[in-house]
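Following this line, the structures themselves.
Each of the next two complexes has subunit A plus one other chain: subunit B in the first, subunit C in the second.
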Partner chain A sequence: MRGEPGSGAGATTGGGAASDLPEAAVRRLESTAFSSGLTVPDFAACLDMGLQPVALVQGFCVMQWGWYGPGSGYMRGMSPYSGGEQTPGAYSEIYRCPHGYVSNEHRMWGQNLEQPWVEGAWAQGYGAAYSRMLEEAGTHGAHGVIGVVDRVSNVADTGTTEFHFLGTAVTVEGGPPPAGGVPWSTYLAGQRLTKSIEAGFMPVAVVAALASVRVWAYCMTEYYMEGTMGWGVPGEPRLVEQVSKAHMAVRQLARKHVRQQLAGDELHGATIDVVTRELSQGDEVVDCTLRGNRVRRFKDFDQVVLPRPTVRLA
Partner chain B sequence: MSIDGATTPDVRAEMLKGAQSLATPAPPSNARGITSDLSVDEALLLHAAGWEPLDLVCGVAVVSVPVGVWNWGRGAISLASDAHDAAVDQAARQLRGECSKVHGHGVVGVRVEVAVRTHHIDVELVGTAVRPMDGKDPRGADAAQAMPFVSDLSARDFTLLQRAGWIPVGLAFGASFVYAPRRTAGAAMKQTTQNVELTNYTQAMYSARESAMEKMQRSALQVGGQGVVEVKVTEGPMSFARHAVGFTAWGTAVRLMADAHQFVRPEVVLPLDDAVVTFEAESLRGGGGGRRR
Partner chain C sequence: MTEQTAQSEPQPPQSATGGGAHDLPKDAAHRLEELEHGLFTSDLSVNEFLLVKEAGFHPLGFVMGSSIYHIGIQTRKWGESQELAKLTEAMYTARELAMNRMEEEAEELGADGVVGVRLDVNYYEWGNDSAEFIAFGTAVKAEDGTSYRNALGKPFTSDLSGQDFWTLMQTGHVPQALVMGTCVFHIAHRKLTQALGSMGQNVELPNFTQALYEARELAMTRMQDEAGRLNASGIVGVRLEEKSHQWGSHTIEFLALGTAVTKTSGEVTLPKPTTIISLDN
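On to the complex of A and B.
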């Protein structure tokens, strides 16, 4: 196992034992024929850049999605009444009922809580799949992996999640191997990669992070999310502060996690995906995935001429 | 190679330089890396126009919709419209706040997501904070940082707009929700076999659309705009209340900064890689002429 998303320099993950490629993968990678997942235009652009495709490489990891299940070792978040932050440095906000004691069922207390154990488990699965792809590439002496496609999906109906990476390993003609022998990687290929290189940005790694925030609603959040001011009384539209803050926090946390992997480099072409699982009575879990290309500027911008506007006659 | 004075770099040599830069470990850096959701094309275009990306920024707001609002009624559903406006305002305020924190002068390429649910309206705005590379902003650097613009224009459109002497000043938004009006049982019976305009429907829809657009224009004026470009209009029944219809209109409010509009005179080009093949050698064998590929 080598590297994790964004490390680009040999950080290790807890994703599995070293050199655990399947036998078929070893046989395929020993073949003299190259394979690539590039389209023909991307393949042509790749050769123009002096990149030599070596092999289609991939990495998988199937993780049990038991992070919320009963008996899970990750269930610390199921005890909301512990109060305060449960992991040092993790995001946490407490909300207290303005009504005083009403009844035992009344939600006197609420909390927005970052779930580092969910984020860690996701990073472990993602990192393991990623490092396996790099391992395949490294087996071939590749310098980089281009046109990376990653997918996170549920396997059948088994409560497990598969992390899957696919990309084309390449060598740079006459180029030195990257530091630490860990291939660089990028979601880009073809002309988009060419433009990035011409602009002075060298890909370092694909980076991604998941942030997860659990909302334990207090009474006001519960009421607002049910469209009332309490006890079924309708009122005016109100900002649902607790939920709004949770949504902002999860995006900011994802950005923070990704930024930690950048080490001063830049992130280009970021995409952000948010999944909200509404539980009940205002409770919800918000997961945010942020991914993009970590790039390093290796030269100053060449003077870019302002393009001429044109109209096509066709 | 040179095109109109611009030098095209040798991409192989550039690739080699890039690979060499990764051959040695990067020195430890405390620099705050730039994050952006711009494509390479967009980043280059912004650079050509003298702007640089700073950070991926976002704004989110969830505003409650009072219970009973979607029940049967007549006319506009003003509480839902108010909730929508409040959510957009709050999300835009947060977006500007994040932009100011990184000393940005504005946010471009803002992706707008609005979800109307039974008891709450969720608005999400995500974009890239930018600033002029030389620090010179036509609005003045201090004013720009104090009130960054928010625009859903792409980097291409932002560049073109600037070239024409205009600047974006903010997002303009308007929403209107209305009950689909009911006819009386008698009127419905009478009209069963007639081809007739349902005037109450026409008026309600017309009025709701106009109301959404009016609000959008009003919000453009509030942020100091002279007009709105790239207006998007959505409409349709609520999935949870089919008798209620929602209309939203949004775009980017713009203001003329130059003395007068600068005409951007595009050159006409005739692409030679025509998609329509008018003649194929294969057709000489008989059985068909040109084809579209």
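On to the complex of A and C.
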């Protein structure tokens, strides 16, 4: 799944489509008192905007990522030496050694390749947790979820990954039910959300995507990453082309995946996180996560009040 | 989702001396007596102090409560996710004891409430399986004589800063109490057959998802139940904290904390924020 997280493509815990909330969640959500994860300034801004918080909502999904498993169908393209079939349409670049045959250990072949199976697993976990959060919001008749926080972390020492969503479900005073019955969502809250709406943009959904590129280093990349020109000879500063291109590609791929979720809307407040996991001999995996708010223009900008010059005394 | 493993509510705490109140140490009583003569202490910053005053409250004194609690042992099943009710109860009771003692100190000062409450847990080398739970904050009293005590007749408590306290009052809400819910949960280890069955696949692990989901929901439900007992209209600033303490990575305490609030008036006139350009470096 690489669509909009709210598309519900993520599997539910019971394998069904909906209403798989734990019994404790149902009981909690029946409470008449609202709960919110908003800070007090955000809570105040929320009331000022005509939004009424109804409940702190959450969604989780624990995923096992098994793409390294031996014999797995996810091994496609894991090694350029294996001659495996590349995923159609996925990014791939091949690098060839300029030296000719040197020895069996000499790395004559290198490749940057996108790992769609990793990206798909991430999107599945993210989408499932997100869908569950929206499901909780839906049980409250919420119009939207603001102040969304998502976290991806490891569960104890199990080697699995948890996708964790939290947000504050809100209703809009006198507002119509959300389009398609699916609440809108945004990472924003408080004054940031107020300013975005005043600027003429209504929140649609939080969007995010992971792009993952595996770098199989060839001899030159291996040498450069060691800081040599080969055979231990110190070298001068040089561009490490294969790694540079992997970093460029992973960012572009993340942007492409997110753009596919926008469906003509705009992306605001995007954040980008790049994590590099070094393997050995110049090999590495570069993961890039891009998150942001999908927004839709619904009116022209309000007149912006001129800011007042201020000196803080503290 | 299947039925959860345990839903027992934590029991009301027993104080160290067996009684419900006035078990403050002699030194505490002496310190509070001194504060009653007009001098006040507080851990408020200058800005917080100004805004607490602006909200119509005067700080009376820095108050605290402490409880050193022996956390017992509960057997857990290696391959089964379950709530460890005894540990849940211990963690809840210990915090409640510390909070009660802090409230007693506030009572001694005749406070309407306590702002900026913090809850800490400390472990000492000399006490295996024991932990010190501490609650502290600044007791405040309304300057116009209005009572802001909560539905239980006790001083309100809240973990809001001075700034947040002022902002909350502007929204027409008043704090009732710092409410919390806790759940200590054992996350099952995966059996070899389960691991082999999903080897090499990207799949969701429903047992883990369900266990973590359940544990957090139980903590949040208990927090909301506390708010319900106070007839609160809502809880703001909810935080979900997770710690393994000293139990190993598969046993986790999920703690939900927030400030229960009630609405006082229908009319809310919030000051409009002003956009500024900072001339500081």
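Just so we're on the same page, the second predicted complex is superposed on the first by the 274 of 314 C-alpha atoms of A that agree within 3 Å, B and C clash if a C-alpha of one lies under 4 Å from a C-alpha of the other, contacts with A are read in each partner's own complex, and residues count from 1 in each chain.
The rule is short, and it goes like this: a contact is a pair of C-beta atoms (placed from the backbone, for glycine too) under 8 Å apart; a residue touches a chain by one contact, two chains touch by 3 or more.
It should be emphasised that the depicted structure is a prediction, and the values quoted were computed from it without experimental measurement.
K.L.:
Regarding the shared-chain residue A:V155, is it in contact with subunit B (first), subunit C (second), both, or neither?
P.N.:
A:V155: touches subunit C, not subunit B.
K.L.:
Of the partners subunit B and subunit C, which touch A:S196 in the superposed model: first, second, both, neither?
P.N.:
In the superposition, A:S196 contacts subunit B only.
K.L.:
In the superposed arrangement, which partner chain does A:P309 touch: subunit B (first), subunit C (second), both, or neither?
P.N.:
Both partners, subunit B and subunit C.
K.L.:
Between subunit B (first) and subunit C (second), which does A:V275 come into contact with in this model arrangement: first, second, both, or neither?
P.N.:
In the superposition, A:V275 contacts neither subunit B nor subunit C.
K.L.:
For A:D48, is the partner it touches subunit B (first), subunit C (second), both, or none of the two (neither)?
P.N.:
In the superposition, A:D48 touches subunit B and subunit C alike.
K.L.:
Between subunit B (first) and subunit C (second), which, if any, makes contact with A:V102: first, second, both or neither?
P.N.:
neither
K.L.:
In the superposed arrangement, does A:G292 touch subunit B (first), subunit C (second), both or neither?
P.N.:
Once the two structures are laid over each other on A, A:G292 reaches subunit B alone.
K.L.:
Quick check for you: in the superposed arrangement, does A:Q64 touch first (subunit B), second (subunit C), both or neither?
P.N.:
In the superposed model, A:Q64 contacts subunit C only, not subunit B.
K.L.:
So which positions on subunit A get touched by both subunit B and subunit C?
P.N.:
48, 304-312, 314
K.L.:
Subunit B touches which residues of subunit A in the complex?
P.N.:
It comes out as residues 8-9, 48-51, 143-144, 172-180, 184, 188, 192, 194-202, 204, 224-228, 232, 234-240, 243-244, 247-248, 251-252, 255, 258-259, 262-272, 274, 290, 292, 296, 298-299, 301-314.
K.L.:
For subunit A, which residues are in contact with subunit C within the complex?
P.N.:
10-11, 13-15, 20-25, 27-28, 31-41, 43-45, 47-48, 53, 56, 58, 60-75, 117, 120-121, 124-125, 128, 132, 155-158, 160, 162, 166, 191, 304-312, 314
K.L.:
Going by the contact rule at the top, pick out the subunit B residues touching subunit A in the complex.
P.N.:
Per the stated touch rule, the residues are 4-9, 11-12, 14-26, 28-41, 43-45, 47-49, 56, 58-69, 79, 82-83, 86-87, 90, 94, 118-122, 124, 126, 159-160, 163, 264-271, 274-275.
K.L.:
List the residues on subunit C that touch subunit A in their complex, please.
P.N.:
Residue positions touching the partner: 1, 3-4, 7, 47, 160, 163-165, 167-168, 170-171, 187, 189-190, 198-206, 208-210, 212-214, 216-218, 220-221, 223-224, 227-228, 232-240, 244, 249-250, 252, 258, 260, 268, 270, 273-280.
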